[in-house]
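Okay, handing you the structure first.
Every chain is named by a letter (A, B, C, D and E) in the order it is written, and numbering of its residues begins at 1.
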Amino acid sequence: MSFMEFVLAAIGIASAIGVVGFRNPLSSAFSLIVHLLAIAGLYALLGAHFLAVSQVVVYAGAIMVLVLFVLMLLNLKSESGRRIGIVRSALTVGIGLVIFLSISAPMLAQFADLPQATLEQNIKSSEGGVKAIGELLYSQYMVQFELSSLVLLVGVVGAVMLAKRKNVQLMPREGGMGGVK
Amino acid sequence: MEDTRLALVVLVPLVGAILSYVLGRAAPRIAGILATAAVATSFCFVVSLWQALEGGQTFSFTLSSWLSFSNIKLPLEIYFDKLSAVMCLVVTGVGSLIHLYSIGYMAHDESRPRFFSYLNLFIASMLILVLGKSLPVIFIGWEGVGLCSYLLIGFWYTNPDFASAGRKAFVMNRIGDLGFIVAMAILYHSCGSLDITVLNRPEVLARIPSEMGFIAGIALFLAATGKSAQLPLFTWLPDAMAGPTPVSALIHAATMVTAGIYLMARMFGVIELAPLVPAIILWTALATSAIAAIIAISQNDIKKVLAYSTVSQLGFMFLAVGVGAYSVALFHVVTHAFFKACLFMSAGSVIHGCHHEQDMRRMGGLAKSMPLTCLSYGAATLAIAGIAPFAGYFSKHAILESLAHAHNPYLHSYGELIGLGATAIAICTAFYMTRSFILTFLGSYRGEGHPHEAPMVMTAPVLVLAVLSVVGGLVLNHGFFTYLQGPLPPVATHSGGGILGSVLGSVPGLIGIAAAYALFIVTPAVKDQIRKVLWVGEKVSSGKFFLDEILGLLVIAPFRGLSVVVSRVLDQSVSIGTGNAIGGISRAVGELTCRVTTGQVSTYVLWMFASAAFLLYCFLPVR
Amino acid sequence: MNALVPFAPVLALSIGSLGYLVSGQFLERARLTSLFALSLIAAAAYLIVGLMPMAPTLPHGFIINDFSKFFAVLACLGAFVSIIGTASSLAEEKIGMLSEYYFLMLTSLCGALVMIFASDFLTLFIGIEVASLALYCLCGARVTKESSSEAALKYFLLGCVSSAFMLFGIALWYGVTGGLAIAPINTAGPLVILSFVLMMVGLAFKIGLAPFHLWVPDVYQGAPTSVTTYMSCVVKVAAFAALFKIALNAFLLPTEWAVGILWFLSVLAMTVGNLAALQQRSVKRMLAYSSVAQAGYMLIGLVVLGDTTSVLASSVFYLTGYCAMTIGAFTVLSVLGPDADSVDDLKGLVKRSPFLATSMTLFFLALAGLPPSMAGLMGKVYLFTGALSSEFYGLAIIAVLNSALACAYYFRVPAAMLFQAPPTSEPVKVSVLSTFALTFCAATVIGIGIYPEPLVELCEAVAAVAAR
Amino acid sequence: MTIPWPPLSSLIVVPALGALVCLAPWFSSKIDTKARFVRLWALGVSMLTLVILAAIARAATMSHGAVLGLEEAHQWIPSLGITYHLELDGLSFAFCLLTAIISLAVIAWSAKPASAGAGWYALLLLGEATVMGAFLATDLVLFYIFFEAMLLPVLGAMALWGGAQRLNASLKFLIYTMAGSALMFLAILYLGWTARAMGHTLDGNFAFEITTLASMKMLNPTEELVLGLAFLLAFAIKIPMVPFHGWLPDTYREAPHGVAAFTAALLGKVGIYAILRFMWPLFPTFMVQAGPYLAAAGAVAVVFGALVAMAQKDLRSLLAYSSISHLGFCVLGIAGVSTMAMTGAVFQAVSHGLITAALFLTVGAVIDRQGSRDFDRLGGLARSIPLTAFFLMVFSVAAVALPLTSSFVGEFLIIVGSWKLFPAWTTVALLGVVLGAVYTLTAYLRTMFGPLHDTDPRTGGDIRGFDVVVLAGLAAAIIALGIFPADLLGMISPAVEVNAVPSVVADSSVALGFSR
Amino acid sequence: MDPITSYLGIACLLFTIGGIGLCLRRNAIVLFMCVEMMLNAVNLAFVAFSKIHGNLDGQVAVFFVMVIAAAESAIGLAIILSVFRSVASIETTDAAELKW
């Protein structure tokens, strides 16, 4: 594992913990941006260049901007009220540990000793350039590609339907936002 | 031989029962006449059939194939032989007289149609009982008379005590019926038939295993104790006096209560299968007879005295049964029917005349106001006391005599003792009967109002029966035992004897009468002295040996308790409770299951993760 | 052009719905819009029936055979009937944007069809997402109602989580096989199981199998009844189709390791669903929990999969019957009004509308597996015979005891409708379309029960194809 | 053997269609306007059913000499091996006759709940149809369907017109029955599957037809035990046998009189019938082994029911428990291989149906009049309602099995028949005879005798009109069967022998276990 | 350990962290972000597998996941807005009317 990979992975994990850990949603969001960028870096290191770029554009760009926009719109403070109990946290972490171990253990065991030669060959052959992926998308994954447009369309129409209200004004509530009901 | 008359013997009273109710509702007066006519007609048929009986000739009639199916043959068939003939004659004969008497006795009761309907129904049932060709058919009558007895005891049902007395009679009879059913079950499986003509054949009896034979015998006797009021099931009979007096005369003295003896006689083969059974019968009979006689001494209700006397006399009959002298027992049945019916009807006339007063302490001196009744009662008293030549003497004497000839291995060493006991009972009988006569008819009137003699329609039948009580024994004495030798085993008795024998035989009765006369008329002071000395005995006697209480404590209370316990604990708590508990538990678990759905996404995710972790943990081969 | 033929139904639906969306902006006529949507579905169904069986070849990602055709037609039929039945109640539910509403519903159906036809995991996943995303929005369609938004939020968040699990499972499949096709696996090992478990988490969520069912009651209750009606049928059909396909064609069930997982899920689903439903006062929640339990029964066919295909056929049979029951039951609720939910709201319905009460009773009897609507009973005969013949005695006993337990709550609704006094005597108006839908459903639950032979044969044929 | 006309199905179809016609006005407009016509219609339909039954029996007797094995069979679901197979033999006939009579009586009975309209008759007719179906079906699945279906009309009628706790009571009834039949359902399916697995069926498919299954002898003793227990549980709850009677007190307390009569008279009988019809042929070994336990259960039920009945203060509860007691005899009768006892049990079932229905109706008249069913508030009614009192006496007497009533025939045959096999348990059951007299007479005493407790009469007076005819008819039937039972017994016994006895006798290994 | 394999480990870890976040946080937007993180983790696994197998199918899958994530975000945020409008909060503890 190269130093760069290690650093990016460390940043990715740390920022992931940050997303979960920060009490202010804004901090979480920024932390997520860092995380997404770190993952993009990892993609790049793995040679999936197209994905790395897409990650930055789609995720860190489009999605996170949307998230931040909503966060600002709603003008939210930190999570209010009770903290999560220690028991529940411990339980959650414990369950997480079980899941982590039971997924990663067999996976790591299976892929621990891959033949180095073929692996390098494979890494080379799966250089994810725009061209290579584009070719795949427009030949083999044509149908899926078209279907993904349907996904986006649903996203658009759905958002419109939910957001648009007849005769209903978006009225900011009095006395601050969030947590008061 | 099939004979339609036989069917008519039963059907006429049955139709009479229906008609007297239906038509009687329109015209109450007609009910009694119809009912009496029906029984009388039946009597005529019986007589004509009886006349036709010659030698071994019998009649039978099949009413329905009844329980016959597959290879099982249990038709509803009635059968007329000499034994049935005797019973039928008594039932219809005495029955007619009592019906006639009832017309007068019940003249002012508004429920007359119902009464006569029941009475006729009773006669029909009783006839089925004595005519039944197989045990199930006998059982029809057996239960039928029980039902009628129940209905008639509770005739005045608005009084809950009377209604309860009826129920008591029925239930106690039912206990006895268990024995009947068990006996039928055993006999059916051992002999393959329940036909009485088949069952008494030696080769059929030989098929019954010995222990089964014993059980069957005891079971039959149990049935008889229920119906014929023997220990431990006799307490219903005194209570049964709640019914109208003609009912007591007909059912609880002359006919129904002797059904047990009839059954024993019919099934003598089974009874004698195990020698222990007659021995048990004998001891039970002796005890019953003695206890009833002792109780009778202290009773003040005239009907109660007669009731206990009936129990005591029934015990006497069973004594004869116990020693195998069935025809002697039957003889006593007949004479007893005469004099006891006469006694009851006289007592009924007294009650009627004294404005429904039954307590002898409020009577007295009725000889003047009711001479005919007094005469009949006196004659019957002498008969029951066993004074020659009255009817009771012959039968009683025959019983005492047959006791001496007992050849039961279980009784060998007690022969004299039993004879002595029986004699003592006979003395007792004479004593308390004389006492009742004295209290009722002699001395001065102690009650209210003016007693009056009963109307002719009542006194006539009483007088007829009185005459029968006087001469019945003398007339029947000669032919009776030989007549019954066909259906019943012969008895080694040549009763009556000469004049000397008669005098000697009357001694116990005379002693009793004399004692009563001495104590109640001559020296009443001595009587009080004796009562003081024997106060325990008096308590026991007037307390009826506390049999009701003992029975209540030992049988009824435990069952009541058991019933409550079973109902509360086993039923409500266990059976129903378990079902409810299962329902409750599932609801509670369901509630818990719902509680997982807290409405909060985090919890849901946590559950999802936990479940996923569980699946992964459990189902992955590597841990 | 020939290359497009296999996609004709999906294309018809998606392009049609797009055109409809555009035109809908100009003519907002309730009846017209629903008729248009219905005609699209009918067209799609017609096209599906006409499709020729076709092997899965790249670049299609689609597989057309009797199995997928059956499920696709079933989904279309379910969507069709649920739209018919609930169309007239939309106005009362204050779903203003009808064209968007129907667009999303059609797209969701489209996604369901993609799930059913998919021959690789990627297509399957996209299908799931198309169907789900549209449904998330639909759940929140009653924007003025708080619970509707809440249901949407829950469904959305949890659905995304389940998608993530599913996706991880697909990733592992990819990791093991190096491809994304739903094709028989040729290796074994813990990763295969892991992949199956993770996919199972995702699909169990969509089907609503305990312990991944927690969203079901909330969403069924919060969503507009019309959406619930649609969802309860179409999502189950599509998800079961996907499950059967994956299990039989990719993971090559029956395998020893899968039995335990599926057994556990099936038993837990039926038990938890039934127990939880016992205490519900809300009919929608009750039906939701009941659907969890019913899903448990439907899974039996897969659990007990032996060398015969008829056990799978029994699941298909039961699913078909279940669709009619659940659509019918929810349709009745939707006819009663947007907020009719509590058992109390149904009190004395028989006085207010004998037709509604009778048909609802029929549906509940069918769910409980009682005559005369014997679709449920026959389904159980079929299912449990299968379970017994594969010697899954424990499962069969648990299932049968559960179905006895279920009567306790299935009884409540008919009891309220038939045996209790109505709060008002005001009659309930039932539109012609709803009447038609309900009659259709009732006829189905009775018809399938009384003359199941054709459907049994069809299911046997379908199962034979699936298990090949 | 089949007879061309009328088909057996008409026994099911006629009442079912009749019920639908009853419901027709309900869907259209007003409910109560045509109530009288509906009643006449329902009466006509149930009468017609009775006539059809008689016609079938007569036609069969004319052509074949006895009602034996009339069949009607159609394919139904060939892929699942389920057939539509009906059979009428002596056993079925006895129960079908009971069904037809009881339905007619209950429909004719005028005192129905105040709010009951056409639905009342529709449900009763449906009840008749389904119960008939259960008594006729020989395909196990078909039987199961009818077995479940017959619950619903009764449940509906009870929940519609019952007492205050009617919904709880019906729920309990439903759950008990469903829980009981659930395992039987599985057992049925197991049988069907085994038939296929053993390759016994012609077309290589499942088989559920009883004669086919019974002739295969395909079960090993363990299977017989498990399946037999599953069947037994269902029937034990239906009959009900102690301790599975938890549903019964509530049901009989809450149901309207007619429904209680219908339920008590018919539903439990299906259990008795089914044990004879299905369990003996299917599980002979099990039945022989279970015989002593079954006999014990029957005897215990007799005594238990009687003891609990003694403790009741409520007339209807008393009847309910007395029902348990009487049905205990039936269970005792079918416990062992004895033509006599089994025939007796069937006869007793029929007789109990007649008597208990009559009692429920009569007691209903008393309760309706007095507005109370509590002994403490009843009494002395013999004077104010003599006709009711008369009929109650007749039916009480019949209930305590006095000879020349039908129940004596049944109990006598059962006791005498069972004595040889189970002397101890028969003796225990005999105790119930005494206790039966105690509680029956006590009930009568508390209701009819004693001082008049006529404080709060609700309705005018005695039963009259049609109701008298109904009760008189039932009484006549009870007494007629008590005096002339031979024809019916002669029909039942061959059917019983065909069903239960040969399967045991044929197998010698079983015969060993059979000697108690 | 091979670097490629360690990517898989990281993917698992990130997936788990996302899941833990979902269980512990209450803010709907944060929850949404956690979901995105989980998807990302899977994406990482896809890319790593793509490298292992030497084909691009995995990367294509990642592309589609991104598209879906975009659509998801649009809908998700719209739903969150919608919830906010009715409850005036986006904390899941406040939007918990449907329960039991």
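The rule is simple: contacts are C-beta pairs under 8 Å (C-beta built on N, C-alpha and C of every residue); 3 or more make two chains touch, one makes a residue touch a chain.
No experiment lies behind these values; they were computed from the predicted model shown.
S.K.: Out of curiosity, which chains are bumping into both chain B and chain C?
M.R.: Where chain B and chain C share a partner, that partner set is A, D, E.
S.K.: Chains touching chain C and chain D alike, please list them.
M.R.: B
S.K.: Starting at chain D, how many touching-chain steps does it take at least to reach chain E?
M.R.: The least step count works out to 2.
S.K.: Which one chain sits nearest the middle, judging by mean Cα positions?
M.R.: D
S.K.: Most contacts: which chain pair?
M.R.: A-E
S.K.: Suppose chain centres are the mean of their C-alpha atoms. Which chain sits farthest from chain B?
M.R.: Farthest from chain B by mean C-alpha position: A.
S.K.: Give, as an integer number of Å, the spacing between the C-alpha centres of chain B and chain A.
M.R.: 100
S.K.: Would you kindly tell me how far, in whole Å, the mean C-alpha position of chain E lies from that of chain C?
M.R.: Here the centre of chain E sits 26 Å away from the centre of chain C.
S.K.: Can you work out the whole-Å distance between the CA centroids of chain B and chain E?
M.R.: Averaging C-alpha atoms per chain gives centres 95 Å apart.
S.K.: Let me have the rounded angstrom distance from the C-alpha centre of chain A over to the C-alpha centre of chain D, please.
M.R.: Using C-alpha averages as centres, the distance is 69 Å.
S.K.: Hunt down the residues of chain E that sit against at least two other chains at once, touch-wise.
M.R.: 8, 15, 18-19, 22-26, 28, 31-32, 50, 52-53, 55, 57-58, 60, 64, 68, 71-72, 75, 78-80, 82, 85, 87, 92-93, 96-100 - these are the residues of chain E that touch more than one other chain.
S.K.: Hey, what residues on chain C touch two or more of the other chains?
M.R.: In chain C, residues 122, 126, 129, 133, 136-137, 140, 143-144, 152-154, 157, 161, 168, 172, 175, 190, 194, 198, 217-218, 405, 408 touch at least two other chains, as defined above.
S.K.: For chain A, jot down the residues that touch at least 2 other chains.
M.R.: 88, 92, 95-96, 99, 102-103, 106-107, 109, 111, 140-141, 144, 148, 151, 154-155, 158-159, 162, 168
S.K.: Output every touching chain pair, sorted by label.
M.R.: Touch list across chains, by label: A-B, A-C, A-E, B-C, B-D, B-E, C-D, C-E.
S.K.: How about chain C: which of its residues touch chain D in the complex?
M.R.: Within the complex, chain C touches chain D at residues 354-355, 365, 370-372, 374, 377-378, 380-382, 384-385, 388-389, 396-397, 400-401, 403-405, 407-408, 411-412, 415, 418-420, 452-453, 456-457, 460.
S.K.: Using the touch rule from the top, collect the residues of chain B that touch chain D in their complex.
M.R.: Touch list, chain B to chain D: 63-70, 72, 76, 136, 139-140, 142-144, 147, 150, 154, 157-160, 163-164, 166-167, 170-171, 174-175, 177-178, 181-182, 184-186, 188-189, 559-560, 562-564, 566-568, 570-571, 574-576, 578-580, 583.
S.K.: With touch defined as at the start, can you tell me which chain B residues reach chain A in the complex?
M.R.: Residue positions touching the partner: 606, 609-610, 612-613, 616-617, 620, 622-623.
S.K.: Give every residue of chain C touching chain E within the complex, in rising order.
M.R.: 122, 125-126, 129, 133, 136-137, 140, 143-147, 149-154, 156-157, 160-161, 163-164, 167-168, 170-172, 174-175, 178-180, 217-218, 221-222, 285
S.K.: Mind listing the chain E positions that touch chain A in their complex?
M.R.: Answer in residue numbers: 1-10, 12-21, 23-27, 29-30, 32-34, 36-37, 40, 43-44, 47-48, 50-60, 62-64, 66-75, 77-82, 84-85, 87-91, 93-94.
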